[in-house]
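After this come two complexes, each holding chain A, first together with chain B and then together with chain C.
After this line comes the complex of A and B, so read on.
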């Protein structure tokens, strides 16, 4: 740790010379100071903090997905499985009598992540041989099966109505969440798109402490992935992404490193999902449906797969874009229903102009990639153009 | 085992299977040629159903509405390719996948804005309702009641009678036709209001009337609604209506025609060439972009046909999100049969129709779980197939895909 701290001033000086990094540092500072803005009077402050907090938690889930999709190169359209399992596990555990002790919240978050990781391994083990679209289809189908089970086993999960009435969250006496349930979902269990991004000025009874807890977990995740990327494991993942056969012939144990990726990815997504559940004070299969996976995937791809900055940028853009659209449409007096219409159109336009993602991974410099790479590396966004 | 139920379920499975097959064909053709999971294909199916509602709703006969909506969706498919996929031919495939998701969102919400989020019913081919007398003494007092109702509805009064176009008095029922613009719900409301008023008057005269509120049901006057075949199996007859036969025939004709197109014609040869190797195909003088556009057009037309047939078959459940589940199932069907293979997609469609129906009707009962698990069985089968034989039932060249 000291090694990094001593390098920090130099790193910051270097960063300020690169405009992209400077922008990122600026955004990081704004995000870190966000709760202060909520002290501003009126609605905008509350709306703003809701969106930023959602961005923070979505970033955790997106970083989890990035381990499998961005680093190992396997397209995963079922990240919702891990987020929802993490959320249900944490919530159900936290509600138990014997779970009431000062640091139990940390325990349930980890338990949620571990449970998700177990399912990551269960899903991963039989699919080790698959690649490309076939892997993607399995993740999609698996997610549907899990969702159907969660929806129907209402004795455990609350079914379509969702698990409501979350316990108030306390961590060493600090009250984190637990306000009145204001309703993310309508009682008919239909996902109202308008409210998915935490609109209506709901602060969900969360406190500044909870915000900083989420931010701290995000920072830990970033640090962890940043270290992993530069470790033997990370290099093995990148080798698998580039070409499985050559990775195997260079002595990379495919099964072992893929399973590691599945478990870590699921763990991070599970913790993110658990936080999301506590933030919303309700979990239901109408929120954790296929669109959840798709939107997280958009976050990862739009920003630029594989790079941490890209994923964070993508998440903030996708989530922020959705909010900006809401305000834009309100000012122009266009009905709010049309928001997703424009969101879809914007997604298309952004991809048409930046098919490789907005921020590409620094390691994958265009010159390093053979001209024919569009064909060989199907999911290498940094490559072809 | 209840043979009657089994036969009914088989008819249902074959019909839904045909619809899935028609959608799956579009997925498999597009995937075969540009290796893209066209997420927006389910939305084209939805648009086809809405086009059908619009056209039939304004009085276009079915035999014109079907091809018209197919043409409309073919144009939509070409536009989709042109706007969202064509500029990304040389980009990483994931980029096109995201634009596909974006187009799917766009089309879904466009449909929601245009037609609202409510579920819609498919218009009746023959816009009429049959009123039947009900109650203990229906046979005795029914005819008098129906005569009186006919008279009452035909009287020029403020609102209700004006909505009735024509009435036909049959032996035990009264068929009330309504103009298309008015719609079924209003007519139904008007009829039951008049019938209730009439019943009250009649009860005042004759306390021992023995009549309840009449049943207002489908008229079954259009030949497509009438049973074509009636087989006596088990407890009662199993009716197969002309509608179901029409769906089967349409599915069969379209799939055979498509197979012939791909296997026998020059265009089909060009399509197969493009799916093998686009660059070489271009060198051989094939306009690859035109062939891809044609693929989108054909696939979308098939999806539109499936949308109309679905509306015709179930008559309800048409809304902006209707494309998601059948689209997903059809895509799974395409994978099951071997993606890129048209025969495989058709086979897969029927298998999914059967699996869905059978699991809903039987397996859920045996395992004592909710019938909503039927989809889970379908997906479990999909995963098993991919794990055991990734190229699908009819697919080949295992080396590349596994």
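After this line comes the complex of A and C, so read on.
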């Protein structure tokens, strides 16, 4: 602890010297303190936190997509599959009687991610040999197939109506039964948590606890991907992205590392999707449609593929702009779907002037590498070193 | 080191690769011997790079075998692919005797032909460089060599996310060894540059360092001196000599006759996919077929 404290002033000074990092720290502080602002009375405060929360959850999904698209170099236009599978799985599980125990949402979120990962592997296995446009088309088609199945299998997913009224995330187990909570289940099946907890929003997802849960999961995701990027697995992914042939000839098992990327990407997107479902308290195929994938891809490409800071920046810009435009267009009496036109234009401008995205992957910084001459040494040429 | 000097390390038996009607490699047989430098030469389009791609598993041979000798064992680098007639017969047999074929291992092994993947060839101890340099351009020189060390360490994604002791230990060794390989080829000062920022000759040497990092027994160099000036070529000759001296068997494709004649112990000549000559540099130089192929007589 003391070690970190003594380094803090130096670290802060260093951070402020780089304007980009200073901006990031500022945004991080604002995001972390956002729920305090919601306590302010009035409409604007609540809208604001809703948008920030959406940005946080979208960032998780975008970071998941980034593993396949940014690090492994395969264009994926179907990330919605994993988000929606995560959302449906988590919601359906959380509604079960045997899921009602403290902290069960942890299990539910992980289950949503794992189920998505399974489908990531199922989609990945036959497409291992595809790359570029061909791979992209398969992901697009697969997303559409899954969406149609989800819309038609109404016994499980609620069909076109979507899934509604499942319990919202809380620490004590989903369904609060007996005692003072009795009678909260309305005749239409919606739980009136708002009346219990005193939040004036209709969504239980709109709470401080849930906000910090999302933020915590985002932090874990960033940490995990940051570590993966700088490891054997991350190097293998980047090698595959740069040149599949020489990656193979260097001993990288292409199938294995692509599958790892698919599974990890789908897992993260699945957890993000599950959070999104709990936030909206309604899951429908009209929300999880192709546009969802396109927007997330837009976040990643705009911000900078393969860069964590880029993906976060891109997501906050795109999602923030999207919500601002939704509001702005509504006041002008223009259909709010036309905001997608702005993203098209924005993407064209970025591709023209900064095709690598706003923030590029940070380069390796020279560090001291201690020599390693013990029995662990891997330095060997032709049997002797 | 694998085997004594002079024993075969690589055997090509009646190797053929046809692309449609083009016989890129046609019934080629030769051996590369451990501890000496063998060169594969021939005019443009003679099929030299195709031979390398067959050895490293990037292509499947149309016919023939490639054996890699490691100590006492011989490993099939590329099992033969049956031609269409036999495939048809085998498919019919599979339909009829499916259950039997599945039950008898030697039979099922033949039915389910599994090509050897390039990464498992690399793992066996055969590393290569490419004619048109293929580095990981947006990685640093050091990271390029670290990818070369990939198959020699084991930590997986979970190790890395949790920063397990194995991850930490392996990352330390990998970084230290990568630096030593860079030092060996003389690129220690350039370790933190991106691969595409290096000069042309440096990129060639970085590719060699990446291949050496896999600790190969057999190193395949595809035109390592292409595009180099005289000084760079001399440095390269010295480097190849150093690698061979350390005990790695070098097998190279080269157009630069000065380099070939100077460093090769043995030369194999290809023309139009066929082997037209083989032997020591002096023999090959006076072989009438080789002279005809090179002078176009």
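Odds and ends about this structure:
Heads up, the rule we're going with is that the second predicted complex is superposed on the first by the 290 of 385 C-alpha atoms of A that agree within 3 Å, B and C clash if a C-alpha of one lies under 4 Å from a C-alpha of the other, contacts with A are read in each partner's own complex, and residues count from 1 in each chain.
We take it that a residue touches a chain if its C-beta (ideal position, glycine included) is under 8 Å from a C-beta of that chain, and two chains touch if they have at least 3 such contacts.
Keep in mind that what you see is a predicted model, and the values were worked out from it rather than measured.
Shared-chain residue A:344: touches chain B; no touch with chain C.
Of the two partner chains placed by the overlay, only chain C lies in contact with A:247; chain B stays clear of it. Legend: residue contacts after superposition of the two complexes on their common chain; A:55 is shown touching neither chain B nor chain C. In the superposition on chain A, A:264 contacts chain C only, with no contact to chain B. Touch criterion met: A:239 reaches chain C, while chain B stays clear of it. In the superposition on chain A, A:148 makes contact with chain B only, while chain C stays out of contact range. Touch criterion not met for A:109: it reaches neither chain B nor chain C. Once the two complexes are laid over each other on the shared chain, residue contacts for A:294 go to chain B alone; chain C is not touched.
Of the residues of chain A, those at positions 377-381, 383-384 touch chain B in one of the two structures and chain C in the other.
For chain A in complex with chain C, the residues that touch the partner chain are 224, 227-228, 230-236, 238-239, 242-243, 245-254, 260, 264, 361, 363-366, 369-372, 376-384.
Those residues of chain C lying in contact with chain A across their complex are 1-2, 56, 58, 117-123, 127-128, 130, 134-140, 142-143, 146-153, 155-157, 159-161, 163, 167, 169-177, 179-181, 184, 191-192, 194, 210-212, 214-215, 217, 243, 246-248. Residues of chain B that touch chain A in their complex: 35, 37, 83-84, 87-88, 90-99, 101-110, 112-113, 324, 328, 331-332, 335, 339, 369-370, 372-373, 375-376, 379-380, 382-383, 386-387, 390, 401-402.
If you check the complex, the residues on chain A that touch chain B are 75, 126-127, 129-130, 132-134, 136-138, 140-142, 144-145, 148-149, 151-152, 290, 294, 297-298, 301-302, 305, 335, 337-341, 343-348, 351-352, 355-356, 374, 377-381, 383-385.
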